[in-house]
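After this come two complexes, each holding chain A, first together with chain B and then together with chain C.
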Partner chain A sequence: MAKMMYRDAVRSTIFEAMERDERVVVLGEDVVGGMGTAGGPEAIGGIWSTSTGFYDAFGPDRVIDTPISESAIVGAAGGLALAGKKPIAELMFADFIGVSLDQIWNQIAKFRYMFGGKSTCPAIIRMAYGGGFNAAAQHSQSVHHFLTAMPGLKVVMPSTPEDVRGLLREALRGDDPVIFLEHKALYGVTGEVPDGDWTIPFGHARLTRAGQDLTLVATGLMVSRCEAAADALAKDGIGCDVIDLRTTSPMDEEAILDSVEVTGRLVVVDEAPQRCSLATDISALAAQKAFASLKAPIEMVCAPHSPVPFALELEQAYLPSAAKIEAAARKVLGYR
Partner chain B sequence: MSKLRPFCMPKWGIEMTEGTIAEWMVGEGDRVKRGDTLCLIETAKITNEVEAENDCVILRVLAPAGQDVLPVGALLAVFGDDDVPAAEVDAFIAAFVPAEGGVGEAPVASGDKPAKPAAAPAAAPKKIATNRPISPEALALAEREGADLDAIEGSGRGGRITYQDVYQHLRPQAAPVLRGAAELAPEDLRIFASPLARRLAALHGVDLSGLTGTGPRGRISKHDVLAAVPAPASGGAAFVAVANTPRIAPFDKVRGVIAQRLTAAKRDIPHFYLRVAVDVDALLALRKTANLVLGIKASINDYLVLAAGKALARHPDVNVQLHGDAVHHFPHADIAVAVASPKGLVTPIVRQVDRMTLPQLAAATAAQIDKAKAGRLSWEDLDGGTFTISNLGMFGIDDFDAVINPPQGAILAVGRARREAVETADGGIDFATRISLTLSVDHRAIDGAAGAQFLATLKGLIEDPEQLFG
Partner chain C sequence: MQLSREQMLQAYRRMKIIREFEERLHIDIATGAIAGFTHLYCGQEAVAVGVCEHLDTDDKIVSTHRGHGHCLAKGCDVDGMMKEIWGSREGLCKGKGGSMHIADVDVGMLGANGIVGAGAPIAVGAALAAKLDGKGKVAITFSGDGACNQGTTFEAMNMAVVTKAPCIFVFENNHYSEHTGFEYAVGTQQDIASRAEAFGMKVWRADGTDFFAVHETMRELLDYVRAGNGPASVEFDTERFFGHFEGDPQRYRGEGELDRIRETRDCLKKFRQSVVSAKLLTDADLDTIDAEVLDQIEAAVVAARAAPRPTPEDVLADVYVAY
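What follows is the complex of A and B.
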């Protein structure tokens, strides 16, 4: 078992896939990241250093720097996938997905369906999302909820280096388009990654803390904040289930409902604003299918309905914190 | 024409919202005189006799005695000055609108105009003027129940107060039943099992690797694990369990109030406990003579109550009630004596014990205990009190820690008298009769030293009981 950073898990898993499968190609803005468009020995491999060394190892045919055009990148990835390649496109910031929504939503998500299953589109679209980096309103958003709402896409949100590896491998071995959302604040996080050839199936949540009093559901960066809240609550004898969903489409509904059956209390944590979010979706699921188990109204800890602030202090206040999660948990526990 | 009068559920205090007719002393058609007892009404705190305010005829009894809980203001019966045709009484009842606040006997209404239409509904809502955003139902609830909107934080958009916010505010704090953390089985990536399935497998010792999943995409679900839980091995004649069905006894009002108050006391009051053993041989000897001389039947408990009253008078810093942030010091000791009545623990109060003589005290205590046992304690018997004595010595309890009865500052727990070996002045061994006294003290109002000094005075009075007659 090796210790590695989240960003290294991304890099090494793609590198391994490119070694193993000639069809895997990487494309995106600055994925070569060298001293000029042709790349070179100093290439840093994109702004997140997730393709360092790729250009030297696999050359310009499989590591392709693109113009700054998200619609072109996603469109090209869709075309490559239809033509038999396994493209991994990098969009840098998820915030800029808007200009490629037609390619994602109307094209690659629907190819398999509209071609009657005669063609598949195994394109992986990687992007960094989330706040906490003082990167302002256009570089800090969480967009998983509206991607999750699009039928035909798999949406993956790993929270640990181990999950990056297992889930990215699963994406590479499947035939469907996958949105792979990497949280900016997690790139520097280090964790154990088991050796061997294993994958994590989509739609299979991870239970990171087990308790019988309250269920906390989260994704990405919010998982560790839920864990911190759960640890604080544990000092008062309050046991929390912390569920890391890992993928939001498909979503592990059974894990949520099973847990709520045990605890009877649910707090959903989501980095996006609450309205029409993953949090409201999960809350509706529990309200619909676990109503009889609930002992208190469901609480949601989400961002305010506002753009992500630039000022560091405001941004910290904007994001769900462990303290806010703990307060919501205590509110749910205090319901009478 | 005869005047008809409604008899409604009275309101005997700000907290009273409902009551139950425990017993009717009169029946339909009875003619009663002013001052006659009409019925017994039981509330969460007390049972009170209700007397007729005028001479009248009981024309109709609408609320039978029993367990029906009726709101304040509910129509219980109709009285008249004379016999009135049934149809007229029926019309009066049909047209009756409960008055605001709830009254024992509503203002007299004539038979022609059976009842004055009241604008307000039964529970006497009080209008609340507020600029805060609040839902109409929430405002109605707050007005109905007299909720303080300033104390409520709205959970809606822009701080809007919802019905649930008010409802939650009005309900007493509940301590959730916590079950704590559960064992977390490490995830084996080679086995595809749901989180709950893994927990259950760890709990029941099921090996997941041998299971076939029936969940989505072949995942092992909780049902697969539960199906694989091994049946317990049988040896010889199996023990057959019979149904262990509980008899469910919901709290009656008294029990409910006891539970609520004592839970709050134990949770909110920082108790500390002072314990002392007191020699009572002198007291026991004196009691025999004194009771003979005085011609009374004072119990040991009466002597202890008297001693506590005199000790409290000397230590006004223990003779206190705590109200919010203020400590109320009382010059005289109103001592609540805990009595196990048929309805549960009640604490009637003996007033100004420090000013009483022993015969006065014995008579007052006996009267209160009789009332408690008959379930006829009034609000005045239970309200206030500056100190409580709880004696479980008669049940063979050595010593115990009593829970403070708020707003009082302290309670004295008295254990049984027992013979103990004690060292004599010359180093020998003698036997003495001792009781254990435990003072539970609210540390917010009373310091340790004050409590200790009070106990020392009390010990001195008991061990030298002639002082009680000084």
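What follows is the complex of A and C.
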């Protein structure tokens, strides 16, 4: 068991995959960094430091530094995958998917289906998402909800270094297109990562806290905020299940429903605005399939229906906090 | 370079298959026997066949929404194509793709595409895979004068040049993007190829209604790309005999325009004239192929008409390999 940073878990898992499987190819903007400059290749090694050393180890045909061309990056990943490679494309910021949406939504997500199941498209599209850096409206968004709504894609949201490793390995061993969402605020987080060759299957949530009174469901950065709220509630003798979904497509419906059937109370936490979100999706699931178990209305703690703001105070007001989650939990617990 | 008798007969047969395949679709769509949107390639056969006769299954192509000709030229099964367009579960894509999304990765055909301009980045990826494999294989993307105005095409051209991908950008200028003329929609007004030149690519230009011109141009171009010189581009001047989609009344066409291009710019007629006048093949040789192809298409339609339909349970199949 080694201690490892989230960003290093990304880097080392891809590096090991490239050593193991020569079909694995990395491409994206500045994944080498410094190409065509006085500093030369590896002057940067990826803006998130998730591809440092790749170019020196594997060369330009497997570590492809691209122009700023998101459609071409995702489309090329699709073409590489259809031609038998295992591309891992980096889109830098999740916000940029708008530029490449056709290639994600109409192309890589649909190839297998449109082609009658006779092909696979094992492309992994990595991107950093989420708020907390005063990066404002075009560099802070959470995009998992609308990617989850696209049939054909698998959507992964690791919240710990251990999950990065297990889920990324699983993505590399599968043959479906995967959107791998890395939260910017988690890159610097350190955690224990078990040794050995193991994976985490998609669609299996992780129960990070166990309790009988309330169910909290979250993804990514919001998991630790739910844990903080659960710890505060535990001081008053209130026990919470905290469910980290880990993947939103496929989604572990059973873990949510099993918990709600015991607790009868559900708070869903989502970093995206509530309208047409993962939070509303999970709430509908519970209302449809665990209605008889519910003892209180479902609460959702989400971002407001606005773009992500810039100023420190505004962004803090925008993002779901442990305090807001705790308040929502107490509201649900107080329902009679 | 002189083609052998067998090569000429095969090229003519392939062009004729595309022509008759689509002339028959034109009828079966008009009568309502086939559902959905269909965009016919008739008139452009010399381009698809002149390009694809140089390729084997390890060379990849990426096609357009007007993709039947590229599919058939690349070696997709005629019966499987017909069944797919009829929506049968025995179709090449089990009835999931239809006319606009036919693909057969096994023959290096990475898909027609319902989105104009979407194919070029995919071809760059396939070309990067070919470069990595180091066996001199290439990827070709077909684009029309509509797709040449999409940003994806520019991104793909630039990225191919930057990465020295063995990607070939084939522009088929049939003078119409949907219902809008080339002179209006393409800002350079002269040609498309000059755009590829601006990205730093070596570029060829040829008459796309002349099979021999297409074939010879592609021979030169492929020699250049297979030698490791990076991407290249070619623009073929060609003609679209039908509308943008089937059912398009084509009110934008000029007086007598369709009759005139059918008379003077038909690649099949031009092929026949040139090989017969040069005494390379006889009218009888080609008439025999014509008759065989008509029988083959009729058999494909009979098979497609009788082929099993998909069942509602098929809706969820093949969304994922495993979910």
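Here is the rule we go by: the second predicted complex is superposed on the first by the 326 of 336 C-alpha atoms of A that agree within 3 Å, B and C clash if a C-alpha of one lies under 4 Å from a C-alpha of the other, contacts with A are read in each partner's own complex, and residues count from 1 in each chain.
Throughout what follows, a contact is a pair of C-beta atoms (placed from the backbone, for glycine too) under 8 Å apart; a residue touches a chain by one contact, two chains touch by 3 or more.
Note that the structure is predicted; figures quoted are calculated from it, not measured.
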Margin query: Under the stated touch criterion, which partner chain does A:120 make contact with: chain B (first), chain C (second), both, or neither?
Written below: second
Item checked: Dominant contact partner of chain A by residue count, chain C or chain B -> C
Margin query: Applying the document's definition of touch, where does A:225 land relative to chain B and chain C: first, second, both, or neither?
Written below: neither
Notebook entry, point to check: Just chain B (first), just chain C (second), both, or neither: which does A:11 touch?
Noted result: neither
Note to self: Touch test for A:234: chain B only (first), chain C only (second), both, or neither?
What the structure shows: first
Checklist line | Partner chain(s) touched by A:76 [first = chain B, second = chain C, both, neither] | finding: second
Notebook entry, point to check: Taking the contacts chain A makes with chain B in one complex and with chain C in the other, which residues are shared?
Noted result: 203
Margin query: Please output the residues of chain A touching chain B within their complex, sorted ascending.
Written below: 166, 194, 198, 200-201, 203-213, 234, 237-241, 243, 252, 254-255, 258-259, 262, 297, 333-336
Checklist line | Residue numbers on chain A that touch chain C, as the complex places them | finding: 25, 27, 60-62, 64, 66-67, 69, 71-85, 87, 102-103, 106-107, 110-120, 151-152, 154, 174-176, 203, 250
Next item on the list: Note which residues of chain C are touching chain A in the complex, please.
Entry: 60, 62, 91-97, 101, 103-106, 110-111, 113-115, 118, 120-132, 139, 151-152, 155-156, 158-159, 162-163, 317-323
Notebook entry, point to check: Along chain B, where are the residues that touch chain A in the complex?
Noted result: 164, 168, 171-174, 176, 178-184, 187, 189-190, 192, 194-196, 198-199, 215-217, 219, 221-222
